[in-house]
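Look at the two complexes coming up: chain A is in both, with chain B in one and chain C in the other.
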Partner chain A sequence: MKKLYSNKWQILIFLLPALILFCGVLIAPIGASAYYSFFDWNGFGEKTFIEFSNYRELFTSNAIGFMKALRNSLLLAALSVGLQLPLALALALALGKGIKGERGFLSIYFMPVLISTVVIGQLWLKIYNPDYGILNVFLRKVGLESWTRIWLGTKKTALGSVFVPTLWQYVGYHMLLLYAGVKSVPPELREAAMLDGATDGQVNRYIVLPYIKPIIKISVIFAVTGSLKSFDLIYVLTNGGPLHSTEVPSTLMINMLFLRNRYGMGSTIAVMLIVLCFGFALLINAIFREED
Partner chain B sequence: MRNKSRTAQTLIYIGLVLWALINLFPVYWMFTFSLKDNAEIFGDNVVGLPRHWLWSNYISAMKTGKMGVYFLNSAIVATATILITLAVALMATFALTRLIWKRQKTLNKFFMLGLTIPIHASIVPVYVTLSRMHMLNTYWALIIPYSAFSLSMAILVCTGFMNEIPRELDESACIDGCSTWGIFFRIIVPLMKPAVATVGIYTFLQCWNELMFANVFISKSALRTLPVGVQALSGQYTTDWGPIGAALVVATFPTLFVYIFLSKKIQESFIAGAVKG
Partner chain C sequence: MKKLIALVLALVMVLGLAACGGSKPAEETKPAETKPAETKPAETTPAEPAAPEQTVLKLWCIATESDSNRPAYLKAIEEYEKAHPDVKIEMEAFENESYKTKIKAAMMGGDADDLPDIFFTWSGAFLGDFVDAGKVFCLDDYYKPYGDQIPEVMLANTTYGGKHFGVPTTFNIVAMFANMDMLAEVGWDHVPETYEDLTACCDALVAAGKIPFGCAGKETWCVTEYLEPIIIKTIGYEALGKIFAGEATWNDPDIANAVTTFQDMINKGYFDPSGMALGNDEVKANFLAGKTAFYQNGSWNTGEINDASFKPAVALFPVMNAARSTYNQTIGGPSDSLAVCASSKNVELAAEVAVWLGKEICHYNYLNAVGLPAWIPDYDTSSLKPLLVDIADLVASCEGMVLFGDTAMSADPAQVYLSYVSQVYGCEIDGDGFVAGLTNDLG
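Presenting the complex of A and B:
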């Protein structure tokens, strides 16, 4: 048996497909992206080495607007942590305690996560439509004509209008993770606290929340990195417009690549995204460790 | 005291039902307006059930909107991705959990890096490579990257299941004269059915809904997958909402269908992917 399982060639053959696929599509491209980010390159012609010019331009040029895009996605991250997660946590706590129809509620809340973001985006385009969208139709019906807006087409309301469905769609995702955490709390802990006369609120505060802290951390990391990477819904709803008011790093990156043929700059944005995602993940890890 | 908690309970319930309605409404609305004409959608019957069930919306979505083609493309890409991901992940997991060599743990950690790498990281290099190899606008342009990005999650799930298969089975198969491949195919793979289901569902959902790669690597309309196809179709039918609704239903229906029967399994697969990552 040992001899059979120690055959070096066989081990290599079993691992090779995974290694090729993984290194070829995930690992090597990170290096390649970093390499391209030092060049001025239109994708097919000669590459010109320009050191850190792309990075300098990215952070200083208003024409590119990376800082604004970054600000937008950080705002989304803040809203995600400040609004989406508390709502998800409240739902998870309410369901996790055991309630009639628990499974049904859970399945309904999680459903939007599974529906293609393009479909969700198309539906919200219709909800926001200035003439026939149900939002404006509803406002007109209840006599709030003056509240109607061209939601996605005005600089003032576009960003908020894009954020609402983005935040809404993934509440169910965070709820599911947190719910799994709440369910893993040993029933004895809960019962003991109840016997001592603790209220539901106290049980949640002193028993459940400390217990599920590792999962809350994961949720926060996903909320922040997910916001930094957000693309699909914004691409469908506004593609960064009007007048770049809803631009995020990912939409900017795609524009650089495929509208302006600036592959070097596109790669620079990609590198920044990876660095930011890992940086924030480490930072959040550190904050949670500090608290212990 | 009891009264107070009863009121609190009722309030919680109302909140839960309200949130459920908010989540159900877009789907309900999508189904209903996919069967209406503009007069109903824009005028007198915005949110009610359709008065005349207009199935012709579906016919225009399938024929003029080419949803049938997009659907088939998505199905081909998803099926191939699932098969490749499973085959590659099962083999790798076998080497990582069963075969005997040094640094198994290190390599396992290396594969787990994939759970945190965003697809943005590879879009430019992969695009350039695909274009040089004249592989843009082929199914492979999506199947290969999708498989690679599903791999970490697949190995993670498979490792959990494969570790639970008793090693005595390998031993006795070995004594019976089975080769490594024999043990892998005849003993291990058949026992991995639950893992195969979890990985399959998760991978399906990932590639069925993916937009960024699909949008960039495929420009030929005959090869578009559903998310990109739906985008194209909505640009084509800007004023006629019925067929758009029908297209959205066609794109969503398989997911919801699978979800109705396998909701628990699907939820578990998402939890598994998150908690380790």
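Presenting the complex of A and C:
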């Protein structure tokens, strides 16, 4: 075995199939997108090399609205970290203690992750329907008629209305990650703290949370990068409307690629998404390292 | 290093969406060459009994279960397959908006196996982009057996560089459908034909707690079905046609006036406020259920509206500026078409089938009141639905017509235009803002 490890060529040969697959399926499309981002191209006609014009236009053109879309995504990321993760953590801590019906609650909270996003989108479309949607019907029934809105049809409420199901859908996902972490805390640590007179809150604060910090970091990275590339539910609910108020970079990218036939600009947005996700992941890593 | 690799692995997935579009370089943009017709036209080809092997042709279209064109597609395909047992046509239908993405992504990929042999397309710039890229097969030789069964004017929107690349399956205009039962409740026994009458009628409806119009804000093309008729009735078809063709500027004060008229109607409560959050199917359902009194949309809805539970009627939007326009002008033309992929392995057969299917789909669409005939009818038309006959009369007296704006313009300017249209509907910009914005962005 030692001989095998010392032969670099043999290692390379064994790694080569996976490396080719990795490069062909994942790295090459990134390279291709970066390449196309320097062209003015409709996807099937002649390409014109335009250097960094797409990047300049992306950040300066109001007609494209990338900055607004990015702002929406960052807002979703902030809400995700500020609301979704604390809720997921609270559920994970509560379930991790070993309450009655733990498995059942775990399945129920995780269920939205298993349901197709399109189905969830259709469900919330019905909930928000201004005429027969359960939300407006409920408000009318309890005498709050003045609170009823065209939730997905007005600029003021559309973004918030889209964020609610987006955040709700993945609470269970983060809860499961964190729950696994909570369950991995050695029982003797808990017991020792309890013997010293620590309350449940103190055990969570001083034992569990520091122990699952690496998982919290992963959850934060997933929440932020997931928010930056959020697409499916927004596409189903509003497709970026009304009046581009719920536009996020991914819906903008689809718009550029397939509706406006601007393959070069669509590729530019894709590259920017990669850069942003990568940048935020590094930033979050750095923040957690600093705390350590 | 491990962390870095893990991050790279996680983050490269972001590009999945863009990468799906295909990463192949563009093929040489050479227009598809016309091949002489070696096979006989479909109608004259004798059916071969029990052919051992079937040639399978893939057809992509938007005739989904809920689409009014579907019966015509199914009937035409059934008839062709019956007459030609050696040919199997596999139809795949996609929802309208997702189809635009689907066909473009397939064309971008350029792989023959991913492309259909025959595909549905809108005429004008939508098909024009594919033709320019050499992705579409020229049908000139395959029209020859049909002689003068289709007027040249009906092929104008699918003709590029003097060559025919599409087969119209119908011909449609934007019409104003009315629920006469609702109008009767507020004292109207006919569809208003002047703007003064229309506003009086709408005021009466609003006063009676009824909603005059429904318009789907979620699908901006539906908003253009309201705005474009108002513009054409303000500046005339010649001026609007030149603007859509890029031969004239948007900088026309009368266009701002037309937008103001539209927004006045919105601000007076003539439009269902829920419309902004609804799609076209929901808005149409509201009209058919008697929730709104009018529905301005394409004549492809005629069959459904004719069979509604109320008494229907149809008219064109009234004239706004008699100095520049007349009542007998409207938005419309032959747009829905079939085309053949140049990369098809059975391109000649596909071309022959496409022309035959186009003609027959047009035939059944007309009889089903889904549209007007682009092809000259050579069949019994005595049983046409009354509402369709009314529309045919409107078209017969038409002085001028302009193709739908988002079809007439190429993809990028069309989306810019639609963006401004949605801002108008949301009252984010006024008429001057609309004109200034489009003049600045599109000229």
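By our rule, the second predicted complex is superposed on the first by the 270 of 292 C-alpha atoms of A that agree within 3 Å, B and C clash if a C-alpha of one lies under 4 Å from a C-alpha of the other, contacts with A are read in each partner's own complex, and residues count from 1 in each chain.
FYI, contacts are C-beta pairs under 8 Å (C-beta built on N, C-alpha and C of every residue); 3 or more make two chains touch, one makes a residue touch a chain.
What you see is a predicted model; the values in this text were computed from it and never measured.
Visitor: With the two structures overlaid on chain A, would chain B and chain C clash, or do they fit side by side?
Guide: Chain B and chain C clash in the superposed model.
Visitor: One more residue to check, A:His244. First (chain B), second (chain C), both or neither?
Guide: The answer is second: A:His244 touches chain C but not chain B.
Visitor: In the overlaid three-chain picture, which partner chain does A:Phe231 touch, first (chain B) or second (chain C), both, or neither?
Guide: both
Visitor: Touch check for A:Gly143: first (chain B), second (chain C), both, or neither?
Guide: After superposition on chain A, A:Gly143 lies in contact with neither partner.
Visitor: Using the superposition on chain A described above, determine whether A:Phe278 touches chain B (first), chain C (second), both, or neither.
Guide: both
Visitor: Between chain B (first) and chain C (second), which, if any, makes contact with A:Ala270: first, second, both or neither?
Guide: So A:Ala270 meets both chain B and chain C here.
Visitor: Touch test for A:Pro187: chain B only (first), chain C only (second), both, or neither?
Guide: In the superposition, A:Pro187 touches no partner, neither chain B nor chain C.
Visitor: Have a look at where A:Ala18 lands relative to chain B and chain C in the superposition and call it first, second, both or neither.
Guide: first
Visitor: Considering only the touch criterion stated at the top, classify A:Ala32 as touching first (chain B), second (chain C), both, or neither.
Guide: So A:Ala32 meets both chain B and chain C here.
Visitor: Identify which of chain B and chain C touches the larger number of residues of chain A.
Guide: Greater contact footprint in residues on chain A: B.
Visitor: Looking at the overlay, what does A:Gly197 touch: chain B (first), chain C (second), both, or neither?
Guide: In the superposed model, A:Gly197 contacts neither chain B nor chain C.
Visitor: Report, in rising order, the residues of chain A that make contact with chain B in one complex and with chain C in the other.
Guide: Residues common to the chain A contacts of chain C and of chain B are 26-30, 32-33, 36, 43, 131, 225, 229, 231, 250, 253-254, 257-258, 263, 266-267, 270, 273-274, 277-278, 281, listed in rising order.
Visitor: Over in the complex, which chain A residues touch chain B? Could you list them?
Guide: 1-2, 4-8, 10-11, 14-15, 17-19, 21-22, 24-30, 32-33, 36, 43, 91, 94-95, 99, 103, 105-120, 122-127, 131-132, 134, 137, 168, 172-173, 176-177, 180, 200, 215, 218, 222, 225, 229, 231-232, 235-236, 250, 253-254, 257-258, 263, 266-267, 270, 273-274, 277-278, 281
Visitor: Enumerate the contact residues on chain C facing chain A in the complex.
Guide: 3, 7-19, 21, 23, 25-27, 29, 100-101, 104-105, 107-108, 110, 129-130, 132-133, 135, 217-218, 273-278, 410-412, 415-416, 419, 422-423, 426, 428, 441
Visitor: Quick one: in the complex, what on chain B touches chain A?
Guide: Touch list, chain B to chain A: 5, 8, 12-13, 15-16, 19-20, 22-24, 26-27, 29-30, 33, 41-42, 46-47, 87-89, 91-92, 94-96, 98-101, 107, 111, 113-114, 116-118, 120-128, 144-145, 147-149, 151-152, 155, 170-171, 174-175, 179-180, 184, 205, 208-209, 211-212, 215-216, 226-228, 230-231, 234, 241, 244, 248, 251-252, 255-256, 259, 263, 266-267, 270-271, 274-275, 277.
Visitor: Please name which positions on chain A make contact with chain C in the complex.
Guide: 26-30, 32-33, 36, 41-47, 63, 128-131, 150-155, 221, 225, 228-229, 231, 238-239, 241-244, 250, 253-255, 257-263, 266-267, 269-270, 273-274, 277-278, 281-282, 285
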